[in-house]
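You will see two complexes here that share chain A, one where it goes with chain B and one where it goes with chain C.
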Partner chain A sequence: MDKQRRKFLKIAGVTALAGIGAPALVRLSSSNALASEHGAAEGHAAEAAHGAPVEAAPQGVRLGMVIDMRKITERPELLDGAIAACIDAHNIPQFDNRKSEIKWLWKAPFANVFPVESSYHLAKNVKETDFAVLCNHCDDPPCVRACPTQATFKVKANGIVAMDFHRCIGCRFCMAACPYGARSFNWEDPRPYIKKYNKDFPSRMRGVVEKCNFCGERLARGQEPACVEACKGTGAIVFGDLNDAHSEIRQLLDKEFTIQRNAALGTKPSVFYIV
Partner chain B sequence: MIEKTLKGKPAYWIWLAFLGMFMAVGVACYARQYLFGLGMTGMSRDVSWGLYISQFTFLVGVAAGGVMLVLPYYVHDYKAFGKITILGEFLAIAAITMCLLFIMADLGQPLRALNVVLHPTPSSMLFYDMIVLNGYLFLNILCGWVILTAERKQVHPPKWIYFFVYLSIPFAVSIHTVTAMLYCGLPGRHFWLSAIIAPRFLASAFAAGPALIILACLILKRVANFDAGKEAMNKLVTIIMYAALLNTFFVLLEVFVGYYSNIPGHKHSIEYLFFGLEHHGHMYNNLVPFMWTSVVLNFGALGLFAWPYARKKNEFLLGLSCAMIFIALWIDKGLGFVFAGFIPNPLDEITEYIPTANELGITLGIWATGLFVVTLLYKIAVGVEHEIEE
Partner chain C sequence: MYNKGTIIPGLIIFVLFVTFPIWFNGLKAATVPKPELPPGGEKKCVESVEYMRANHMQLLNEWRDNVLRDGNRTVVTVEGKDYRKGLQQACMQCHSNKEKFCDSCHTYAAVKPYCWDCHLSPKEAVSKEETH
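After this line comes the complex of A and B, so read on.
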């Protein structure tokens, strides 16, 4: 079904629901269109009733990630490899003090990654394994809302929450806005702290914010994200279009129970965890 | 009128030189920060806003406090404020100047500041903050100057200026409301995510601003032979008392919600501020002495205000209580509110913030700049006042 027809049906459906549609319009719009409008309406009602975020009807590509912690628990070196690949791919400086740290993909215990979930009598393997932490590439990102210059923005084509390092004024409003602690600031010139320089990705200057970009630059070259590539063949990190029912990631999500970090905030994170 | 700033007693020049010294230190410290980056400060990945933004937040309140003179005088025709309304407007100018300087000092890329204008983003609260802060600055410069000029010529101010005077009243409310919205609309920061932040900010502003004006009047009475009048001072004290009581009430409501609901996220920051937060066997309590000082000063000042002798007959006690309430609110909003919002961080870790010497140098430099500006403006205002009396 092409986009134009879909748009028309939507408008027709809304008009019909509003009670001002001509009967002809109602007849034109198939029962399917009306049904989908009803579905959407119910979704909103559910959201209002108990605050649990309900995802909007899919539109376009929305890239997401499933991290299978069972696989990482078995082979923790997978995550270390993914982190190392990320650091190499993005010229992430390595500071030895916590104050200046720049982190895109890192690891932390379950209790820290999921502070709103209970850690009481946590299964031993969950307690002892470090979880992967990265930007959630939210569908409704608070950082994008807060940024006064659109230096951080959602890429329309794929849903990635990206950064324009040259526009960022370094006000750090996005860092206060991010409920996942995913953002880092260049408190000083990062270049002396880059261990191995990668010419395929720009290094940053001091005074700007940065974070995981889902390897937008690698995707543009037809490559997988660095962390996904590092775990190739293991299924530890699965990446793909959340809106494509036939994608690998969707099939995995359909099969396995997953959790998201603090989904109650309504940010609609695109990173899922199989615990 | 500017020429009035060029003539003064030696004490005036010594005072300006004293402030100038701190301003010079501030410039030197800023040069260091500019060349190295914000790593010169105590801020970190976890506590990403520090003294600069907290001072900014507090000073927006001081600026908004000026409306407590403008509103009674122009809207309710409360004549007793006739002589000091200009002081409120000029204080607002100095306070907003400091706010803008603190924002600039806080930017990682200050040369790109104009990106906020070049790429206007209506979804960002900073966009609106920029509009209302600059608007309020402009309104106060305009109204203050036009009205003072008319006063000097002993004519009625032009009628059109009243449009801007009345406009400045909602602007005063808006600057602090929008500043509160910078914080209270952020998901995942429990301490800030509260609808009472804006009213609380306004209440503390309407106490801190007028308290500073009383202090200024007491000083001007001694050094510049400027008498604001007993009635005006008494009324200001009443305003401060009610505003400070409301602020205290609002803070206590926050404490109730946190502790009675017993939701950890709502309690953590309050606990951190007043009792210290224990986390993995370590006690984090840097701000505890400050916060209790604030509590003692707050209630002490309220007690003094309630004592008629202290507020009406004894200028020393009046000045003391105003200084106490000002410092109490400065600690509450200019330190605790911003820093505690970052504790714990979204990953339930705690990093404490301690400003560096360089950061303190810049902060003092900006405060000195504000005092410098307010000194010059008050010199003009008082000079005009004396000219009329002659």
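After this line comes the complex of A and C, so read on.
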């Protein structure tokens, strides 16, 4: 009996030592791999030091939008028309209290849209005109990373940050994650506040988050997004593939100076503004 | 037997209480609902009747994932007519009366699908139509 206990204690001691020592061993044996990784990182840093950080060439379609604020300043009714078209297309409820507000495409002053840009001594037209704001359909969307149910996700085929309302559990992590405030929560049943139904699109229910979907359902039917269609012919909103060098939107981006909302965050917004 | 006077009436009351749903309905099962066939006279659905009866919910889920996740919005063609995948876009085009079609069975089977929390039934869709 005594002998057995002694043996047991020995084995237990050796096992415990091995258990504690194993992670250290693994770390030691993988130090080579780590070293090479470190080297690669240094290489990148060196490249970055010489200019812009090196990025892999973008692939596939990435839909984006250029909003020409000069044209909207000239004719503010364009933006009103675009917002109305969006509301009609997506059964968006209209609440009186701002807490319940549901926003897909909305208006906001320059200082709120571009808080990082200087708003000291702004040009008069920029100071006085409201900007068109919508989901930026980021190339690296923080909302998608935050969503625990993958209710919001990036569509691989066109880069749209889409939502599956069926799957949303209303946790609002995405709203906290979105740096642009582009997401709204249905605090109450939206149905009574929808002015007019579009029978081709559902409404939402209480407890679900929603946002602009770049009119994915209209694009599938070969139509332009509702807001783009509402401004047709004016060039106030240009929509297209950012990765296609010959698209109208790229021609415009090559020609004009544009700004993105808080680009420093690294979310790579797909909505550009000409101020 | 001890306490015969209380046990036997007690048992009778218990049995009557437990079988309440059976005798209250006159020993008959509720009539099996007959969902309304499409008022437009369409005879063929996207799948066979048996398949739809048993699996329409799976089909709807498949369509949902096709459309929203995979971007596969190919139209379904039945007898030369094109239907876009979707509850509002395909099903309700023919089965235009939700109350007489969907609800009749769902109420009988005591299931409460949450489709209609968001999707608009044809009746609701026209309740707030464009007036101008």
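As a convention for this text, the second predicted complex is superposed on the first by the 219 of 275 C-alpha atoms of A that agree within 3 Å, B and C clash if a C-alpha of one lies under 4 Å from a C-alpha of the other, contacts with A are read in each partner's own complex, and residues count from 1 in each chain.
Going forward, contacts are C-beta pairs under 8 Å (C-beta built on N, C-alpha and C of every residue); 3 or more make two chains touch, one makes a residue touch a chain.
Model, not experiment: these values are computed from the prediction.
When the shared chain is aligned, chain B comes close enough to touch A:Val133, but chain C does not.
After overlaying the two complexes on the shared chain, residue contacts for A:Arg75 are found with neither chain B nor chain C.
By the touch criterion defined above, A:Cys147 reaches chain B but does not reach chain C. Shared-chain residue A:Ala162: touches chain C; no touch with chain B. Touching more residues of chain A than its counterpart among chain B and chain C is B.
By the touch criterion defined above, A:Asp200 reaches chain C but does not reach chain B. When both complexes are overlaid on chain A, the residue A:Ala220 reaches chain C alone and has no touch with chain B. Residues 208 of chain A touch chain B in one complex and chain C in the other. Listing the residues of chain C that touch chain A in their complex gives 64, 68-69, 71, 73, 88-89, 114, 117-120, 122, 124-131. The touching residues of chain A, counted against chain B in their complex, run 98-101, 103, 108, 111-113, 115-116, 133, 142, 144-151, 167-173, 175-181, 184-189, 206-209, 262, 265-267.
Chain B contributes residues 36-39, 41, 43-46, 48-49, 103, 106-110, 112-113, 115-116, 118-119, 121, 123-127, 130, 182-183, 186-189, 265, 341-342, 344-349, 351 to its touches with chain A in the complex. Contact residues on chain A toward chain C in their complex (touch as defined above): 91, 153, 155, 157-158, 162, 164-166, 194-197, 199-205, 208, 220.
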